[in-house]
Amino acid sequence: MSQPVLSVKDLSVVFHLRRGDFTAVKSISFDIMPGEVLGVVGESGAGKSMTGTAIMGLIDPPGEISSTSITLSGDRIDGLDEESLRKIRGRRIGMVMQDPLTSLNPLFTVGEQLIETIRRHLPLSQDEARARAIALLADAGIPDPQNRIDSYPHQFSGGMRQRVVISLALAAEPELVIADEPTSALDVSVQAQIIKVLKRLCAERGVAVMLITHDMGVIAEAADRMVVMNKGEIVETGSVGDIINRPKMDYTIKLIEAIPSITAQNPRYAAAVAKGHSFASEKTDEPLVVVDNLTKQFDLSGSFLSRITGRNRKIVQAVNGVSFSIQRGQTYGLVGESGSGKSTCARMMVGLLPPTSGTVSLEGTDIWSKGAEKKRRSKIQMIFQDPYASLNPRWRVGEIIAEPMRALGIARKPGEIAERVADLLERVRLDPVSMRKYPHEFSGGQRQRIAIARALSSQPEFIICDEPTSALDVSVQAQVLELMSRLQEEFGLTYLLISHNLAVVRQMADEVGVLHNGNLVETGPVEQIFGAPQADYTRMLLDAVPDISKVA
Amino acid sequence: MLAFILKRLGQSILVMLAVALIAFVMFRYVGDPVASMVSQEASIADQELLRERLGLNDPFYEQFFRFIVNALQGNFGISYRLQTPVAELVMSRLPATIELALTSAAIALVFGILAGVFTALNRKNPAAAAIMAFSLIGVSLPTFLIGIGLIYIFAVELQWLPSFGRGQVLDLGWWTTGFFTETGLRSIILPAITLSLFQMTLIMRLVRAEMLEVLRQDYIKFARARGLSKRAINFSHALKNTMVPVITIAGLQLGSIITGALITETVFQWPGIGSLFLSSVAVVDVPVMAAYLIFVGFVFVIVNLIVDILYYVVDPRLRIGAAKGH
Amino acid sequence: ETLRWARQSDALTLDPHSQNQGVTHTFNHHIYETLLDRDVEGNLQARLATDWYVKEGDETVWVFELREGVTFHGGEEFTAEDVVFSIERAKSENSNMRQLHADVESVAAVDDYTVEFQMAGPSPLYPNNITNTFIMDKGWSEENDLTAVQDFAAGEENFAVRNTNGTGPYVLAERDPDVRSVLTVNEDWWGEAPAVTEIVYTPISDNATRVAALLSGEVDLVQDVPVQDIERLAGTDGVKVETGPENRTIYFGYAMDDEPLISSNVTDENPFANPLVREAMSLVIDRDAIRQVVMRGQSLPTCVNMPPFVNGWTEELDACPAVDVERATELMAEAGYPDGFSVTLDTPNDRYVNDEAISQAFVGMLGQIGIDVTLASRPVAQHSPLILNNETDFYLLGWGVPTFDSAYNFNDLVHTKDDEYGTYNIGLYSNPEVDEMIESLGTMTDLEARNGVIADIWAQVQEDRVFIPVHNQVLAYAMRDDMTLAVHPENQPSMTGVVFE
Amino acid sequence: MNDITPTAPKSRLARIVDSDIFYSYRTSPVAVVSSIVAAVLILAAIFAPFIAPYDPFNPRTLNLMNGFTPPMSESFSGSYFLLGSDHQGRDVFSAILYGSRVSLMVGLSAILFAMLLGVTLGLIAGYRGGLTDTIIMRIADVQLSFPSILIALLIFGIARGIIPPNQRESMAIFVLIFSIGLSDWAQFARTVRGSTMVERQKDYVSAARIIGVKPVFILIRHILPNVLGPVLVIGTIGLALAIIAEATLSFLGVGVPPTQPSLGTLIRIGQQFLFSGEWWILFFPAITLVLLALSVNLLGDWLRDALNPRLR
């Protein structure tokens, strides 16, 4: 076999922090061959991104890199000075950074950033560089690249931005591409397309790819070999098929088990079927929540004047005549690609955003009618998409959880409140001592549990969960989902579960609605939707989901 | 965009009316113009006569209305002190102030931004710490003291630069400029430095703080990952992103350079509207004071408008209005 | 030779009759001329008039004989009709000089070089009033529509505000108000050719900057020199300072009527109405300390509210009693204020030399006898209306005497306040007998008898302690040391008097 | 995020000492030195009556003949003046101590007042948006058009009409605080408004709205703590400016009486003696002001960096 494109020996990354050193990566070694895709997986904080950043020489103080050697096609690249590194970065190693939304400079057009990078590394004229930039965008699947090249990043959707970042990484035809979560912001269909581009590069030009992700499905689909990391160390390495089908180490086994599969049937459905009951026909009670013909328009017209005269009106139809109902004690899953109106629905149902038309009724009362506020506040709660942003960083966890009790007058005496908070924390499996701490002192999974504890604090009947696990890695996600199911059983809660992770929805929901451009294209019992989807859009969505079970 | 400008212009008119109104209320408390207009032997009856003639005995709203009507026609009356038409007086002083303000603003911007970038890039460097500390002297001493200190060092002791005035100016008819004569250029140095010190400190600190923030953004890291040169990263990518807040403050500061020029112009006997205003306050020359305030109000309004437009130029995210998901 | 001359402020206008203000007159004296003016001792001297006297047989007429062969800058000949025109203009409604000519009923040209002033009654001291009334050319004025003095309220500018045509030693070459004015010598002037052939006049309002400009050699002559800088300037190579007395007294005054004070803790009566309190106050002021420390030796302590130049001044009146705090304390107890009282002193802070510091020093001295003074210090633009409206209990003021006669002080400061008289009688002192004597002064022709009345009035004023005078101001001009310019008592220096070494 | 899970709750003090801010403070010599300097100056001002050898505010104790005594020498009447005496025979050292008191009181109160007003209006403008925002921001425009001198004159004139004459001088200091504060609020309002507009979008605000927390409490308890960082920094620069503004206003007759000089007034007085050789009258008060401004601002700088978690 030929020489590896990248060879890493004994790489360590140490952060010199005030409370002692923290080793993010512990002497790891691995190689990547030309044309090979190496998948790197592991739970959040395992050191995956650090490894990639360290290879680029981009670790900032107080971080420090040490290694025996890092070679790129035989050339040592560790310990080089900043200037020599600049010649390698972008030119020989391309990198896709983890967060595409913030990786692009918002003040420069996509084209400017591409051309700048191309001309820095390749001897091309302005026009040639522009032509190349357009070709790159087209490769990455951006429609109409001639026109879109002069757009600013904010004019692109998250998925498009991610594709631009990929084009940028590929701009100077590097030998090695380090792609850190390149598809995390994409819907499944676009994700599939990107994976195709990467694979084609490997095949056609022998480029080596280091693909960092926590989505096992993507690995299964794209990678040849994979590395499993935990706490800065490599736990296991081998071919994708080997590891997924025959994991050896405990950690790997746990990780693989935690992955919800899109093809696995809903457990309750499966149980019901096993017992011979029919799962879908429980629709006997009066539904708890009824959404009827819900519509939301956003008026984006700039000025007061044009709003009055009605000229130049720019109206976004975010939600369009959506109707569905949710049974008490059940979970309704709402799926759909990014921007399809899921969160907007949620905000109207919780009382944050008045609907343009249509009604949301809870136990028969319209929550937007006069005098319904009290009921709405005490019975509906929401868990937000980003747990960190929904916790006030300046408040202690105890205060955060206690706020709904105070505001709704559920408990008033300090002693009683403290008791209840402690109880709630225990229920979400957190140490009651943590009520003294601030949100930033918790991990993502723990924060999500705090958010759940707060939602439970007001003793609601109905909880809207907007992407409750999107910020979490698979193992933590599994814990949170498990917790939610347990609480549902305990308190008889009703959930609206919003997610673009279809596997999660299949596992959790009793009924499912599919949103597309604000329209509810399909709704029905979970196994009906997943098992026999009716709408084209649903079918397309389901087809695009990568799945580990496809690995041979 | 046009609608936005029109809306802002409408608001601006209200702002200016408010400025004029408050100014008028204020004049009652600044002193009595008559007391400083008559000589010490003028009898009470004479003073009363003058007050009557100047319309100072009319009800407040009548005086205000008259002022607004006249001002709309570009007529700000006659200066009580210098007995020349106020509009003419202000116009003849304007070039001096504007040249001083622009020079100071340029100094403040250029040095403020350079020093801000330098101190942000070399946060631990002792030279940067020294610049940070030294710049504070600019804000902790009164302007008049700094001005006199500079005069003492550079005019009296070293005799390098003139201590007062504008030097020789070139009269272009509608404008007088000191930019094309040697004495004119030498004369502007000290007052411009004095006037710019405060704004320079502010801009420098602001740029530094914003730069530190921006340099840690992902897109800077990504720019490094793309192998861009240091200069492109620091001055093109990072600096441009610090500009939005800097423009806000710098814009406000350009306005306050003009109000801040009061003391500087007086110390350096700079023949601008600032010193004109202060001499007018001393003798309660109401027409000049009113015209000055209207002018300054106008400057602020224009500057704010330009700042808002500049936002659009610098930050494309603002161009499509408020369209934003969450 | 060119003289670069700096002072605190600029002439307000070049219209000779529009403003009665020292700085304006000083500047205009170089362009326009008056019938008479004052020399550096303060004596009247001939200028455009060569002789002046009361008409024989008619005590109410003043005769002025005019200088012949004088021409205006525009070439017009100077004659009696210019004088008639100018005096009438100065008397006209919008003129600020009219008060000085209030007694003139009419002016008539007897021939080309003689004018007669018909007065309302005998006015023996009238010539003192014309030292700042400038003569304009009638023809030029009429041509430029200048018969009336500018009316502010009309909102129009007057030609004379920026253009001149006088008979004086200099011709206006350049004028930028507040910034710079240039005067060049008038080759055809009737007097002796002055050594200064060009004057560059620049107002510099900041004290320190003005001094710096002289030190750096950017100007040759500086007026309005701060007293604390005199010593340093005098000790600097190439610079010298001329000092001399000014015709102005700085004094304190207080409310003397029976109304309770506005700002005092004594609310049922006016402590200042008690003569014992006033005496105590006058015993406690240490004028020598003020002179030595506050004024740096640059003042002439006095106990009468008039400078030595003024008719009626005597050494006895001027002399001060020794400071006696003990006696003052007794007096306060006797007056019924053993613990003193509180009051606010209003002082300007930008008008007279070290005005605020003088007041502050007096506050300390009054503290020794229990008078607890709060000092309220303001720019003169706010101080003036305050005191003119009698909204003060206790104040500082300076008074100049342009006529060089005591009657000027009496009319404005001592006579009971009414429409005509007592404009600056801020303490509301009122004594009908004194009022009567003051009114009689205006028409008395027997100068000796008149001086007797003046002495009587002063005796009463001093006995009643209407004022607490502090000192007469001293003027200082700083200049290059190769030139000389004497200090003028009215602060009206003429650059024709400059001599170069 | 580094997941550190301390097992037992610590005492409040221990938690403070252990906090990142305190750590950054301990390891920053600039912060330590400037906080010591600021503390010394502020304590000296507070305890002026116990430290100062003389009482410069009591005119009865002054002897004019002691004027212009150079530093470290005996005066006419035999008093010893460490930093010399001024033109009224006041001990410069004592005057600085007492003057700092006045200046700090005026400066701090004015800045606090400006902050209170500016932050309140900024919060409201940023949270409500729309017409409220436009009105508040245009008022800020109007305010910015007036030099603070004129605002002070206006307020003083109005106050003169309201306050009875014998209380005017004692009210002067409050009028002064009010005037300076009123001319400074706009910049706080602008800053806070910007940050509030960002914060109000965040989900923790939505979370509070869902349970019906009143807007006032959302603003005060949720948003305010999150927008206070830059406010503190502007406030520290503002302190020096407020002290200087006070001096200018006192000169215009709307400030403290010259018999009770503030630091700024001392500088203004001392400036007259710049050319005449009595340098100490200007020098010591000016140095005090520079030290005060420098230490407070360097502390502000440090605080800005320390509060920014990315810079730790």
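Labels for the chains are A, B, C and D, by order of writing; each one numbers its residues from 1.
Assume a contact is a pair of C-beta atoms (placed from the backbone, for glycine too) under 8 Å apart; a residue touches a chain by one contact, two chains touch by 3 or more.
Everything numeric in this text was worked out from a predicted model, so none of it was measured.
Two chain pairs are in question, C-D and B-C; the one with more C-beta pairs in contact is B-C.
Chain centres here are Cα averages; for subunit A and subunit C they lie 87 Å apart.
For this pair, subunit C with subunit D, the centres built from the Cα atoms lie 44 Å apart. Here the CA centre of subunit B is 39 Å from the CA centre of subunit C. A straight line joining the Cα centres of subunit B and subunit D is 24 Å long. In subunit D, the positions touching at least two other chains are 271, 274-275.
For subunit A, no residue reaches two or more other chains under the stated contact definition. Among the residues of subunit B, those in touch with two or more other chains are 30, 144, 148, 152, 281, 326.
Inter-chain contacts occur between A-B, A-D, B-C, B-D, C-D. Across the complex, subunit B is touched by residues 9, 12-13, 15, 18-21, 96, 99-100, 150-153, 155-158, 161-162, 176-180, 202-206, 208-210, 212-213, 215-218, 350, 379-382, 384-385, 388, 399-400, 408, 411-412, 417-421, 423-424 of subunit C.
Looking at the complex, you find that subunit D touches subunit A at residues 1-5, 7-9, 20, 23, 202-204, 206-213, 222, 225-226, 309.
Touching subunit C in their complex are the following residues of subunit D: 58-60, 62-65, 67-68, 87-89, 165-166, 168-169, 251-253, 257-259, 271-278.
In the complex of the two chains, the subunit B residues touching subunit C come out as 30-32, 34-36, 38-47, 53-55, 70, 75, 77-78, 80-85, 89, 92, 144, 147-148, 151-152, 155-156, 159, 162-166, 266-269, 271, 275-276, 278-279, 281-284. Residue ranges of subunit B in contact with subunit D, taken from their complex: 11, 14-15, 18-19, 22-23, 25-26, 28-30, 129, 132-133, 136-137, 139-142, 144-145, 148, 152, 202, 205, 209, 212-213, 216, 248, 252, 255-256, 259, 262-263, 281, 293, 296-297, 300-301, 304, 326.
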